[in-house]
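As written, the chain order gives the labels A, B, C and D, with residue 1 at the start of each chain.
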Amino acid sequence: MIGVGVIGYGYWGPNLVRNFSDIPNAELRWVCDLQTERLARLRSRYPAVQITEDIDDVLGDPRVDAVAIATPVSTHFEIAMRALRAGKSVFVEKPITSTAPEAQRLIEEADRHGLVLAVDHTFIHTGAVKKLREVIRKDLGEVYYYDSVRVNLGLFQHDVSVMWDLAVHDLAIMDFVIGARPRAVSATGMSHVAGSPENIAYLNLHFDSPLIAHVHVNWLAPVKIRRTLVGGSSKMVVYDDLEPSEKIKVYDRGITLDPMASRAGERKNQMRIGYRAGDMFAPQLDITEALGSELTEFVACVEAGTRPTADGEAGLRVVRILEAASRSLARDGALMELPQERVLA
Amino acid sequence: MIGVGVIGYGYWGPNLVRNFSDIPNAELRWVCDLQTERLARLRSRYPAVQITEDIDDVLGDPRVDAVAIATPVSTHFEIAMRALRAGKSVFVEKPITSTAPEAQRLIEEADRHGLVLAVDHTFIHTGAVKKLREVIRKDLGEVYYYDSVRVNLGLFQHDVSVMWDLAVHDLAIMDFVIGARPRAVSATGMSHVAGSPENIAYLNLHFDSPLIAHVHVNWLAPVKIRRTLVGGSSKMVVYDDLEPSEKIKVYDRGITLDPMASRAGERKNQMRIGYRAGDMFAPQLDITEALGSELTEFVACVEAGTRPTADGEAGLRVVRILEAASRSLARDGALMELPQERVLA
Amino acid sequence: MIGVGVIGYGYWGPNLVRNFSDIPNAELRWVCDLQTERLARLRSRYPAVQITEDIDDVLGDPRVDAVAIATPVSTHFEIAMRALRAGKSVFVEKPITSTAPEAQRLIEEADRHGLVLAVDHTFIHTGAVKKLREVIRKDLGEVYYYDSVRVNLGLFQHDVSVMWDLAVHDLAIMDFVIGARPRAVSATGMSHVAGSPENIAYLNLHFDSPLIAHVHVNWLAPVKIRRTLVGGSSKMVVYDDLEPSEKIKVYDRGITLDPMASRAGERKNQMRIGYRAGDMFAPQLDITEALGSELTEFVACVEAGTRPTADGEAGLRVVRILEAASRSLARDGALMELPQERVLA
Amino acid sequence: MIGVGVIGYGYWGPNLVRNFSDIPNAELRWVCDLQTERLARLRSRYPAVQITEDIDDVLGDPRVDAVAIATPVSTHFEIAMRALRAGKSVFVEKPITSTAPEAQRLIEEADRHGLVLAVDHTFIHTGAVKKLREVIRKDLGEVYYYDSVRVNLGLFQHDVSVMWDLAVHDLAIMDFVIGARPRAVSATGMSHVAGSPENIAYLNLHFDSPLIAHVHVNWLAPVKIRRTLVGGSSKMVVYDDLEPSEKIKVYDRGITLDPMASRAGERKNQMRIGYRAGDMFAPQLDITEALGSELTEFVACVEAGTRPTADGEAGLRVVRILEAASRSLARDGALMELPQERVLA
């Protein structure tokens, strides 16, 4: 039995509490939040859970093995570091930290103590994204492009830009589903409210392969779109998260190369690049709630000392891209090289 | 009665022929093409039209007042220049020329002779785009962003990239519907077939205003998308060219600014940026065939010596952006300033 | 403060409990169900609520003013009657009873005691259906047809047919949004599992006016459709419950009558019946949870002794149609007259 | 080489002319129409075709082997009969005749002379409907239901009701794709314009098997829907003719029968009827123009003396249903038995 504390009970915290409550080998012992009115409601729903405004109550409890952190991004690093130093494994909301060096230090601290460090990249635990990964790796052939749009009319965040709020999802998904790591990034975007972070942004990701990736995020769109197109040399796939059941569609489509009939005024023996259009296939998807699967995996990792799918490194890779994209955006879209990942001997 | 010759009878030429045939005050006198098998079919359909492989037959006929040019892009400049020098008004397919200096020279030549120079920016003559312009100018308030996606599984062009083939439409539409002119452009893209031009590209357009514009074009998408989102301070609009009848949807949506309730750990008196969601309205659209309207306007301009909606300047503005975007794409997305438009005294 | 008991804690009961808990002037005192494993979970979530397997505990509590009944349809009448006789107002799931005479007796019993009798026609409390009613009554002119489709791949009910499970929604909505009452009904349908009630059915409703109504319900459809078309002499409306936000679309479309150009072989001076197509308008909808609004109204009616929107008469009208439709279905679609409503002096 | 005459050059005639012109072993010799202004346009487009207002010119030409009849429905019988008696094979627009006895007489006349009699059931020659037939016969298992909706805002026909104008398509398709023949039909419908035929109708088709079929046609709908759902014991299929490419979707979905856990108050050992949801598959479709394939087949049948896919019998079967449905509609939806098909010894 793994003892768990939840730190932060705002927008996402109740989902953590509800899901931890349903995991047989987890015992939710504490919920910590600074706002007491939120905790009142919790008290009536989960009378067995202890409530506190003092994080030390949670970190000081020897029966707590792990904490889940759902506080504002700017506080992730400090709280996670305190938890790791108190010997607790950590599950932290996305993005893992505000800066790459912070994420790096959390990874090192977790490694030092043999603790689990997981980041909440929820989408990679959905049936749709797991299938997307499988399709990309098995069916697509060489991956040509990855194009993702995540726009809607949404509440502006006052502390982070639309990239750190929305593109983080696309980057986490892309990190999971394609094998390649980007070499450089550029971004453009704009804020339409004085003093507020960017509410629209476009990211271009460059790779060493002939892969091109692009992310469009927007808090100010009249319609909601959650669509990713991935094209490969053998097949193409559309992941539309708003489709009620057919979220993944695999198209047997691609390029064909035909010798072109010579035409007056044209070079002979040129190839005409055409296309072929074949069947479409929408596989049945696992519909288990992603957060439930994710927390179950986290608890299992804490029990067994194993590494979760979205570990600190995954969180770090995403933050590195967001940091570089933010620098690019501030410099009119200048291309920013991404640091090479450390290669472990 | 305006005598007309059509030069080039490949993919688009038959549409020109069919539409000119239906304009009462135009008389289609010549069709010129180098490929005789195309002309055979024409002969049986339009027995009154004269057929030739020699452009001089058309340009030498004093009863020809204007020519429409539907040949490969690389030949536009030379043919248009010959036509203007022969005293014929010119209607030329998009893009007007392969380079901005060529477009500039055509404009000057037409001006010198008092001839009409029109470029076939077909979409701006559709009911949908005319309505889009009206909505943007009357209802949207300050325009915040212009985002256009034009992707499908399409025949690769062997002589021009996807930007010159598809983005030209988006740039022509944007030039028509928004008042502002871009100050700079950057583009990224890729070719996935050796020796072939780019088949996927992303363009960012920068303005002096807080407007951000973006165009995504792709010949290698498994699904067809033709959608433009335009957001403003008062309303937002979606132009979806694939909708059978509701191509333009106007959303009464936007940002709201509310004083934010102070929360523990947050600065007081901050504004919460929320959003409002109101009615949606899809106006009835004029469904006249765009090319028919456009050629009717061209013929009327030739008769009256007036300027068409898409004149040489419009063609030039679009080519300038495409040229700069091509340079940017070749330099990893570096930002390219656009030349200031000449201000006529 | 109105004391409330919930009887039946299966599929729908938890929604009643959750919503009653959020109504300030209601106090949820009892939940009654025969299956104890369901109640365990309830106990931890709502520790203040008393739990029982014996309905008499609820009906015998003088602090209970009203009960909500969410048990199998076949038990509605008996439980509701016992509750009314115990002096409790009643809110009962749809359909109100299994037979029209039962519903009639409940109405009379409630009237006799001055108690509130409400039926849970949830949809009529949605923003979409309230707007549909408004549009039909204000904008449509004479109503020509009402066509409703409610199909999906759904769990078969073992005790009631698809008509009593799904068409009940359409009939309740239609009862609410159009002024007219049907004069007769016919139905066809089929069961595809031996010994099981019909899983597909089509209902035709006949009126004294030139209105025709039709309902298609199906538990065995591969796709989910929830769409109602209503056509009138002035406008037409589509209610698509699966649209995320634009559930109601009002079309300015209709018939036009033009004198027809005489043609060889046709009578002169005939009228050509054409159509006009105008704007479409999707009004912003109230997104309050329907069940919350409905229960709030019920509690207010119990407090004030007033009549709810969906009263016993509404429940009775729907059951009369379902009964007649069932008889018709058993007789190969023979037309069944509906009883005239009693006119109260 | 088969000599062909086209009789009737209104809405559909030009399509016949265009397609016959493209068939190598057909020679279009005559077009006959009573309205000369239509023929003027034809003359310039197809100068080799002879034009006449006198049908005897066509029927008297020994080089004419076959005629295609695209005149008003009420004239089909007389013109087709004259053509057959003149020794010409006949291709006639749908519905084949206004009455079943007329169709029967045409069949007999064609048989007597060894001539081909074909009816233009265009849709059955589309790639989508051919695939629909294949899926139904190979994959669906026992067919449970066939539900077709064909509605839009359309021009009212002044001579035939919406059933004879639109449902004829659904009946022709159903006749082609499912093996079973209906035993009886009922229909309800209404006219909303005085003196005009019905503009909305619902047809129920009864079979000897557990198959139920239903057709909804409407000229007065605000949106266009062309969707057929077919459910079987093994799979289900959706045919949506408005989908640009995925017109046929095959769903691996169906019923499951599980022993139901006994519950308090319920009979034990009952089966719970659930459902399973699996993959969806949209096969690539042949996109050849249906009318071209159909006329090519007709010409080949005339050459070889073979029977076309949609022969007189197919036309007769559809007209029998339409006739019976019309009688049912006039009698408030009374069930009408369909005549047994003659069994040829």
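As a working rule, contacts are C-beta pairs under 8 Å (C-beta built on N, C-alpha and C of every residue); 3 or more make two chains touch, one makes a residue touch a chain.
The model shown is predicted, which means the values in this text are computed figures rather than measured ones.
Between A-B and A-D, more C-beta contact pairs join the chains of A-B.
Residues touching across the subunit B and subunit C pair largely coincide in numbering: over half of the numbers involved belong to both copies. We define each chain's centre as the mean of its Cα atoms; on that basis subunit B and subunit D are separated by 42 Å. Separating the CA-averaged centres of subunit A and subunit D is a span of 52 Å. Averaged C-alpha coordinates give centres for subunit A and subunit B that are 38 Å from one another. In subunit C, 277 are the positions where the chain touches two or more neighbouring chains simultaneously. Interchain contacts join each chain to each other chain, per the touch definition above. The part of subunit C that touches subunit D in the complex is made up of residues 34-35, 72, 144-145, 147, 149, 151, 153-156, 158, 184, 186, 188-190, 192-193, 196, 200, 202, 204, 206, 210, 212, 214, 216, 218, 220-223, 229, 231, 233, 236-238, 249, 251, 253-255, 257, 260, 263-265, 270, 272-275, 277, 332-335. For subunit D in complex with subunit A, the touching residues are 245-246, 252, 277-284. Interface of subunit C with subunit A (complex): residues 44-48, 224, 242, 244.
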